[in-house]
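Labels for the chains are A, B, C and D, by order of writing; each one numbers its residues from 1.
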Amino acid sequence: MSCKKRIGILTAGGDCPGLNAVLRAVGKSLIPNGYEIVGFEDGFLGVLQRRYRILSNLDLSGILTLGGTILGTSNKDNPFEWIPPNHMDDADAKPADYSDRCVEILEELGCEGLVVIGGDGSQSMSLRFMKEKNVKCIGVPKTIDNDLNATDVTFGFDTAVQRATTSLDCLHSTAMSHHRAMCVEVMGRYAGWLALHAGVAGGGDVILLPEIPFSMEKVCEYLQERKQEGKRFSIVVVSEGAKLNGEFVIERQVKNSHDPIRLGGISQKVAAEIEARLGIESRATILGHLQRGGSPTSRDRILASQFGFKAAELVLDGAWGMMSAWQKGLITAVPIEEAVSSLKLVQPDDPLIRFAKSIGTCFGD
Amino acid sequence: MSCKKRIGILTAGGDCPGLNAVLRAVGKSLIPNGYEIVGFEDGFLGVLQRRYRILSNLDLSGILTLGGTILGTSNKDNPFEWIPPNHMDDADAKPADYSDRCVEILEELGCEGLVVIGGDGSQSMSLRFMKEKNVKCIGVPKTIDNDLNATDVTFGFDTAVQRATTSLDCLHSTAMSHHRAMCVEVMGRYAGWLALHAGVAGGGDVILLPEIPFSMEKVCEYLQERKQEGKRFSIVVVSEGAKLNGEFVIERQVKNSHDPIRLGGISQKVAAEIEARLGIESRATILGHLQRGGSPTSRDRILASQFGFKAAELVLDGAWGMMSAWQKGLITAVPIEEAVSSLKLVQPDDPLIRFAKSIGTCFGD
Amino acid sequence: MSCKKRIGILTAGGDCPGLNAVLRAVGKSLIPNGYEIVGFEDGFLGVLQRRYRILSNLDLSGILTLGGTILGTSNKDNPFEWIPPNHMDDADAKPADYSDRCVEILEELGCEGLVVIGGDGSQSMSLRFMKEKNVKCIGVPKTIDNDLNATDVTFGFDTAVQRATTSLDCLHSTAMSHHRAMCVEVMGRYAGWLALHAGVAGGGDVILLPEIPFSMEKVCEYLQERKQEGKRFSIVVVSEGAKLNGEFVIERQVKNSHDPIRLGGISQKVAAEIEARLGIESRATILGHLQRGGSPTSRDRILASQFGFKAAELVLDGAWGMMSAWQKGLITAVPIEEAVSSLKLVQPDDPLIRFAKSIGTCFGD
Amino acid sequence: MSCKKRIGILTAGGDCPGLNAVLRAVGKSLIPNGYEIVGFEDGFLGVLQRRYRILSNLDLSGILTLGGTILGTSNKDNPFEWIPPNHMDDADAKPADYSDRCVEILEELGCEGLVVIGGDGSQSMSLRFMKEKNVKCIGVPKTIDNDLNATDVTFGFDTAVQRATTSLDCLHSTAMSHHRAMCVEVMGRYAGWLALHAGVAGGGDVILLPEIPFSMEKVCEYLQERKQEGKRFSIVVVSEGAKLNGEFVIERQVKNSHDPIRLGGISQKVAAEIEARLGIESRATILGHLQRGGSPTSRDRILASQFGFKAAELVLDGAWGMMSAWQKGLITAVPIEEAVSSLKLVQPDDPLIRFAKSIGTCFGD
């Protein structure tokens, strides 16, 4: 081991535009301060399996614009309940606790602490490592759904909104030419931020969110009125978690969220209902992974850089247990514990909802 | 009626980027030659229902960049076998022949002839109108699948390839970060041009076309090899009409092609199989209508303008029964009859297939 | 005149992505409240010359995505000091005060008040109209340079940053392939917000702002070091108002800012100096109007909609003299007077500057 | 040296989107045939200075989407007349012939031949190496201006047209909002292909090409007519080599083409003249390097791949002295000698010019 100070870093959970910008900001800020950056591969899996590489300034150059994460990530990386890959097909295999192995490896490698870039689940693991195993962690919040509580916004969200909006712009031409109702399903299992923002930015006529249970009667009444006013097409933006009459209507064969291997999404249900009830030609489009891939917007690059820079400052300050956050237009830090306590949901009186309603947008309620 | 010469024009079938550029080129070229442009709405439906508007130079300004068609279009507009809308829900309603009504209306409006911008089906209707009813038609070929025989390429195809390629670029980051196989379904029910071109342009590792029946064994063998070489992700590009072991595997609830209200596409089948057989995390994305909406690429704007200009010249020359076409790098004209005789399919020795195979791309055969 | 209430609206000063989104939000929110929207053409010029049109819901549909302003705008529209067009070539023509004529016309048309969407200069005119002529005004701040004091951010800025960032991404390939220093000039005559944000988002190696006077010695020293470390290319982002040794170096033939008819920009000076001093091939690119045209980003569409909605609420509340603003992550309102009191400049300890310096970016100081 | 066969490859002259796609196609096609790929850095300079790297399949992965060239390029790499860098500042330094040194190095490295990806100048060097030094060369034509004679089109051109068209779309909003004439200068010193294609695709009102000398009288007459018809803005597309009254009007301080360090381009002259003669506000924008950077369009990726694949086949066939080409819609090969004999210029009766004139576009003649 080198005589330098070492800090571990990993990206966990679903990929998100801006992860590389965070890695770059953390690394390029800490290296001149005498740190060696131990980049673990595939989230906590890399700690558990001792897979890592030292990230030099050169490794961190040219990655600002790249989507995804150069370190790789994983959705199955919980060291507290893990089944080794060679037992995964074994029906009797029970998950075991490998967290001590992680602590050992972090010590072996001389990591002073661990910067965890991840969402709700990953930050909860950080908390357990801190509380149960005395591992020093710094958090960087990552959620493309924008539903983490302790931060007003996270990187990746702006890119997802921009992608969804561009898609809505694009689908307008088909909607208009064919006089159709185009139903567009966007990410958001519990929170409707993405549907709300893309819906407003893309001029959606109907916006359906998990937080506002909707009825097909209300939606169809509204579309019928539009038709009578001579408006021959409609754009319907639907959160994947939108609830018809307060319930998820579609049994999905999914293991985790955002999974497009499934029998059909809520957008397909809504499109089918509109066509059946009103005789308006309807089509569904599920944007899926297109929302989370590719190069981050300028705003997300800047935001991610600031989150990373703040994380580096927290490391230098020894402010373990803290997480970068964005509040009231400023970068700041909050205890990780606060971040994971509850989801941030859209409120019915959100200014954007009030605006959308004032110009006549339908929320199906 | 004005003492000017009049020509009818319509856009029929699925929408396609470049339709407006054709309308603009036809109109702006014919108006200075003393023509009035009678734009029928929603394809042949507008003729049948006497819905039209006179297109002035002003109407044709600023539409070059717009996706879709300002005239509207329809997939249910065959005047030879038509059910009026008020009988559509009537289970006993039988389609009747309304073609004479169309001829009457064209005569009433004083249209010298009709420019039909449409695909295989619409050009076949033109042929019947010409042969059975003596209507003078000029054709402009439209097919986003690029499968019309008498032309090397049509407008809309370049835009669709560009959209699909951009999506593949975007999905690469998720594929790499999560070490997944991403299966991307593109349009192409009978012909694999779009999958082949987007697959090559987007660096697809596997490309599955309707013309080359594939087996999951071959695909999985190939992906297994990639894994053993340390390549931890793959991009699989699938035509919606790709045939597993020579057959369509999935019963779809579709009435016409490109319809996303359905239980699941071939990409979902392929993704599920890869995950089951190899244990590689796999995801499916169906691009659907995103491929045909939005502003046309510069190339499609130019191509569509040339197709429209040629159609205007054919009108001026009285070359009825002819269709604009692109052959060997030049704009030209062919009899409509030739265009609809057979589909243009990808040949197994297409230069792009030979190239792709030379660099190791798998076609599942 | 109708018995409805009427409100005037205009867009003044340089065009900016999001203007149409503001118009749409104001109009679509006020029309259901019984207002008729009197849209004046080309800024205050339309008031002065009685050129206007009533904006209906239909006029406001489909404009959310359009760049520029459907009302037109002007840079020469100060009614307090105006030269009529037919006297503009007259060398002896003196500007006269036409403000009373404006008041008359507003009264004739029955406008209860005037919503002014404009920058520093236009809001100052609003103030004079309010103070000297008792005209009731509501402000909506517009500045692509982001230098208005009373609001943390304005619409148009995000789009400009995104455009400049995309351009920087694009120029990277030439810089790398040719081992060049690419000097890119962005808007910002007095404030460096755009250069700072685009510079950080686009990974600029050198960022030169009006607020931080730079010397060529410092810039060249830095580039020389990069060369010695084996970095064979550099991206230099320059505000048009950046000051070499504290001074503007280049006499421009410009009447107003952002004008590209000129002998040369600061970026050309910087590129020439780098090439002369270091022998590094250098090229300059002036982004100019590309930064302010085209469709707004999703964020700017949302922001502009919120600014417009707030303005509508201010009208309904009779809160004359107030202006929409964005502060601490929330939409709010401030007195117009506050907004025009001083420019908002980049501070040397801005978090983005601290971040950029921490990763080694050069500011030439 | 390995017992494998070796082939050299280099990219020379100005960078161009698609260069990496060519490198990838040549390499990935030849490696499985037992070749080692010797990639020389910075064009012929890499041969002369023995700077090269062996390109493996891994080096060639992931570069399809990247702009520029991973090998680097140079505009000052003529081995027949070269001044070593350490003598460049020496006013008395005379260029000397270093071509024998190149031959030596190619022999030392065991290169069977050399694949030269470059334009007119570079292919001329290949010819001299073949004729005077018996070096075996294969050519791949590269010219973003599309002015190479023996091929209907080259890679990079479609991307440049797309970039310029997108810029024209973007500038439309400013033109419309401010009622201005926007003059946009695109690449093309001797040939107007880019101005013609982007002009048609972007709906340019005036298009000025090097091949059609223009007069300001004709341009202003046309703009005046537009104004009288109530069209309050215009888009003027100008080739950098457009000739006012048959002459270049502006002395430039340029050493080679496409160089933006200069006093002003023809677009600035045209804008100034329009403003002076007609009193229409006018602005100039020089697109410069934005046209040649960034990721290639799907079409250019496919075209470049096919050019590279053909070059690999020519190597395998021992068809030295031949060059990939695209003719009549097919990939083919032609003698390098043919390619460099003369420039391919726009003919006055080009179908696109005929189309543009038929819809009223002005060419200033």
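One rule holds for everything that comes next: contacts are C-beta pairs under 8 Å (C-beta built on N, C-alpha and C of every residue); 3 or more make two chains touch, one makes a residue touch a chain.
All figures in this text were calculated on a predicted structure; none of them were measured in a lab.
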Chains in simultaneous contact with chain C and chain D: none
Intersection of the contact lists for chain A and chain C: none
Chain centre separation in whole Å, for chain C relative to chain B (CA means): 42
Chain centre separation in whole Å, for chain B relative to chain A (CA means): 35
Between chain D and chain B, distance of the C-alpha-averaged centres to the nearest whole Å: 32
Contacts with 2+ other chains: residues of chain B: 169
Each pair of chains that touches, named by its two labels: A-B, A-C, B-D, C-D
Contact footprint of chain B on chain D as seen in their complex: 24-25, 28-29, 32, 62, 64-65, 152, 158, 161-162, 164-166, 169, 197-198, 200-203, 295, 297-299, 301-302, 305-306, 309, 312, 327-331, 351-352, 354-355, 358-360
Contacting residues of chain B [partner chain A, same complex]: 11, 14-15, 17, 19, 42, 66-69, 72-75, 88-89, 163, 167, 169-174, 176-179, 182, 232, 259-264, 268, 271-272, 275, 279, 282-286, 288-290, 292-294
